[in-house]
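Next, two complexes with subunit A in common: one pairs it with subunit B, the other with subunit C.
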Partner chain A sequence: MNRYRVNQIMTGVLNGVTFLVVLFIASFILYLLASGMTAVNWHFLTTSSEVGLGIRDQLFNSLYLLLLTQLISLPIALGAAMALTLYADSRSKLASFAQGLIQILSSLPSIIVGLFGFLILVLKFNLGFSIISGALALTFFNLPILTQSIAVSLQGVPDEVMQSGLALGISKWHTITKVILPEAMPGIWSGIVISAGRVFGEAATLIYTAGQSAPTLDYTNWNPFNPASPLNIFRPAETLAVHIWKVNTESLGQDAATVSRGTIVILILVVLLFNLVARYFSTTMRKKVGR
Partner chain B sequence: MNKQLFNSSKEIRQDKLGRLLVYSALTVVLVLACAMLYFIFSKGIATFTQDHINFWDFLTRSNWNTDNLQKPDLGAWALMVTSAETTLLAVLVTTPLALVIAIYIVVMSPKIGGRIVQPLTELLLGIPSVVYGFVGLTVLIPVLRRWAGGTGFGVLAAALVLALMILPTITSLAVEALNGVPQSYQTFAYSLGCTKWQVIVHVLLKISAPNLLVAVIFGVARAFGEALAVQMVIGNTVQLPLGLFTPAATLTSKLTTDMGNTIDGTLASNALWSLALLLLVMSLIFNLLAKLVLRRSQSRESISR
Partner chain C sequence: MDTYLNLPAATDSDIVAKNVNIYYGKQQAITNCSANFPRHQITALIGPSGSGKSTFLRSINRMNDGIARVEGELLYQGQNLLDSRVNVYNLRHQIGMLFQKPMPFAKSIYENLALPLHEAGNHNQADIAKRIDHVLKMVDLQHEIGTDLNQSALQLSGGQQQRLCLARTLLLEPKVLLLDEPASALDPISTAKIETNLLSLKAHCTIIIVTHNLEQASRISDYTAFFYQGQLAEFDRTKKVFLNPTLAMTERYVSGDFG
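Entry: the complex of A and B
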């Protein structure tokens, strides 16, 4: 058999296998969407899981936790990434130690992060199963990922920008905030959105920190200290992803499947949306760099 | 007047403040990392220091019985074996497929690959792990049950769910690895009369082999650390996985099911923290492996230049 024949056969195999896998992935996603679509309606989105089979409170909890997590982790991640890429000498011992540690942190299994949150926040600081425990645990989970992606987009800005700023007699801080950050912004946004997708679907970190129950919320109550208020950060809060896990391990039979299918549709649509937004930002970034 | 001259300007004060801010942010991250490693370590060794469980017994025995406080019979061997078995199976199933897809995206048809295949696998990357667990529970398990009898829960179900989960992880890293091979190498090989398949095997795969290995290691790390998806389909019985359809439990699934039912400070709870420590150590080992592979390939590259 000569090499051209081998090439022909292997090309066929490669194309065929890829086609089959792509077909499989596409039908997997279509199956998830199609089987859940029937469960999603206005009633499903607006009733509490305590009285009916809705996911109103879980949806709110997911978004609220996502917001709090990003609010806490963004300034820290941005600062840490700036310190690593723009301030510290990248060949110094400190920088490589810090990078190694962040790398380790970002590859820890999320259940470990969740257990650490359980130990420190729920048990040691006595915060109980609460939104604040969940948001902080998610921050532990999110920080290394976000720091790494922001660092990558900061590195994408050419060194000459910093040097010309300094040559003009502008302070480092001023150059960073007025020139480098705006330049890296699309990349940073894309990193934020991607990490938001991961945080939104995260469950293992939350089952022992934000808890597995969603008390019915009263959306007219804006007093953050009232236990029924959605804004209260000391109430337990089950998210969408945790809800899927919870109803299936408690096995409520047919209802569990219906509720999970509907919830999965919402989760996937949100993740899809995040993906599209991130893609949009990274194309703007590419255009900017290619200018 | 004199005083004003010696004061630093507003610009310099801002600069100093900025430096302070970014370094304190970095410190927060580093302190967090150290705290995480320290606390899990100190909690994890309490089983051996406080409860005087023999460390060797813990590693080699397969029973998990914390009820009898006088003579506890504790061992993580079965859990470790199950974790390793599910991970290994998943990686064996996924790696060839992921490589094929990556080759397709980079070499065979960058256009279709970049527009359709890659976005689709990236979408898979974003799907939460509980969703994989749910599909395993409602679609895969009934199929396995009909096919092989029994309950369907077990090692094979977990491995297949993990295989699908790590497919996008390995694929996207493999694409990066293959793209890392300079285009000129490919052109050069073609100009020597190589066929596409020869270029793939003798140039692309050979040069990017270390980075492909790293892609697989990250896939292994993800599969090994996944908790909820596995817990939903594996059956959660602590025993040595003798067959593919034996219900079993992994390190992560045991942690997921039991942590909520134990009281802090008791033997049952401490033993679980030891499992968490084992998991942490494994994750560190995977990290170290990836680093070693990368470092070796880089040093070889710098020699050959």
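Entry: the complex of A and C
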């Protein structure tokens, strides 16, 4: 067989494999959406699971936990990524040790992060099953990935940009904050949003930290110290992903399957939305500022 | 190793190197370099790759801080610029630098030019606009980019980007200009434009340029310094270095016998 023919066959095979993978994923998602769509309506989204069969509080809890997790993670991840890429001598032992540690952390099974959070946060620090325990455990789960994606975005800015800034008599800190960070921003945003998708769908980390109960919330109570307030960070908070898990393990009978499917639809839609936003950041915004 | 240095008078020089030694860790990159770089003249640094030209050049605006150890004396207008008390930010305003790859910031043309002025403490809009106008004229960019300074600097061609970077450096009115192979990534026409810019800048700038392009060195420079294996081997008027060099080694290099 000549090289031309081999090339043709391999191209065909690879295209075929790609098509099959896409077909599989697309039909899987479509199946989940189609089978759950009937369960999703305004009532489902706006009633509590305690009094009806809705997911209002789980949806709020998921978003609130995500927000808190990113608020805690982002400054730490940004600082760590800047230290690793812009300050540390890349050949230093400490830097490569830190890189290795981050790699290991990012592949740590999330159930282990959850149990670790249970032992340390819930029991040792006596935070109980609470939003704050969940957010801290999720931070642990989120940090390595977020740090890595920010580090990659920063490394994408050529070294010569830093050199040019310094040579113009601009301080290193200002070169970073006024030139390098803005250039890396599309990548950083897309990293934040992708990690948000992962955090949003995470269940194992939360089962033993944020807990599996969703006490009915009073959305008119904005006093963060009141146990019924949505803002209270010391209350237990079941999220959408944990809800799916719980509903399926503690079967509620006929309604369980419907609630579970409906919740899956919402979870998938939100994660898909995050991914679309991430793509927007990485393509549209990069076109505007990219080299 | 034989050396031959026919140096111009130190009193007519903006940069004077005295017994400069530069080390990367234990590895020595520059050995005992002494040279004078005459005021308002162009001095070309030539020599094979790895001979230490960039290392030497980067020491003059302290870009080697934290990277290499520089010993000896580097005098800028009579003052040792290696002194730890020297304010490197001010020094870099007075000794500008241009690199091999055109590297505008991922911002608009205006922001590229305004940022260094802002950072230097100039917030006078009218003055900034006047200075920007002036430097764009100096590098002949004005008629090429028109009046829209809000377009992204990255949309310019490579040659235009490099001239924008030159303009950005000139905004701070440097007395000395260091260039590290500024045209090696450019096409011949863009190269010619940069060379024209440099020749007219000579009127108020002392220029030191590293180049691998020997024709470029002979076209634009007044003096030539030949570096070889970390030493300044020969320093003389450019005509002399190219037509009748003193050392056999220099002769071989300028006639293209080794790279």
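To be clear about the criterion, the second predicted complex is superposed on the first by the 262 of 291 C-alpha atoms of A that agree within 3 Å, B and C clash if a C-alpha of one lies under 4 Å from a C-alpha of the other, contacts with A are read in each partner's own complex, and residues count from 1 in each chain.
We adopt the following convention: a residue touches a chain if its C-beta (ideal position, glycine included) is under 8 Å from a C-beta of that chain, and two chains touch if they have at least 3 such contacts.
Note that the structure is predicted; figures quoted are calculated from it, not measured.
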{"item": "Which of subunit B and subunit C A:214 touches, first, second, both or neither", "value": "neither"}
{"item": "Which of subunit B and subunit C A:113 touches, first, second, both or neither", "value": "first"}
{"item": "Touch count on subunit A, higher of subunit B and subunit C", "value": "B"}
{"item": "Contacts of A:39 with subunit B and subunit C, given as first, second, both or neither", "value": "neither"}
{"item": "Which of subunit B and subunit C A:171 touches, first, second, both or neither", "value": "both"}
{"item": "Subunit B versus subunit C as contact partner of A:22, first or second or both or neither", "value": "first"}
{"item": "First, second, both or neither for A:65, with subunit B first and subunit C second", "value": "neither"}
{"item": "Where subunit A meets both subunit C and subunit B, residue numbers", "value": "170-171, 174"}
{"item": "Touching residues on subunit A, where the partner in the complex is subunit B", "value": "3-4, 6-7, 10-11, 14-15, 17-18, 21-22, 25-26, 28-29, 31-32, 75-80, 82-84, 86-88, 98, 100-105, 107-113, 115-116, 118-120, 123, 140, 143-144, 147, 170-174, 176-177, 197-198, 200-204, 207-208, 241-242, 244-245, 248-249, 257, 260, 264, 267-268, 271-272, 274-275, 279"}
{"item": "Complex interface listing, subunit A residues touching subunit C", "value": "158, 160-161, 163-171, 174, 178-179, 182-183, 288-291"}
{"item": "Interfacial residue positions of subunit C with respect to subunit A in the complex", "value": "61, 63, 88-93, 96-97, 99, 101, 103, 105-107, 115-116, 119-120, 152, 154, 165, 168-169, 172"}
{"item": "Subunit A-touching residues of subunit B, taken from the complex the two chains share", "value": "11-12, 14-15, 17-19, 21-26, 28-30, 32-37, 39-40, 43, 97, 100-101, 103-104, 108, 116-117, 119-124, 126-131, 133-135, 137-139, 164, 167, 195-198, 200, 218, 221, 224-228, 231-232, 252, 255-256, 259-260, 264, 273, 276, 279-280, 283-284, 286-287, 291"}
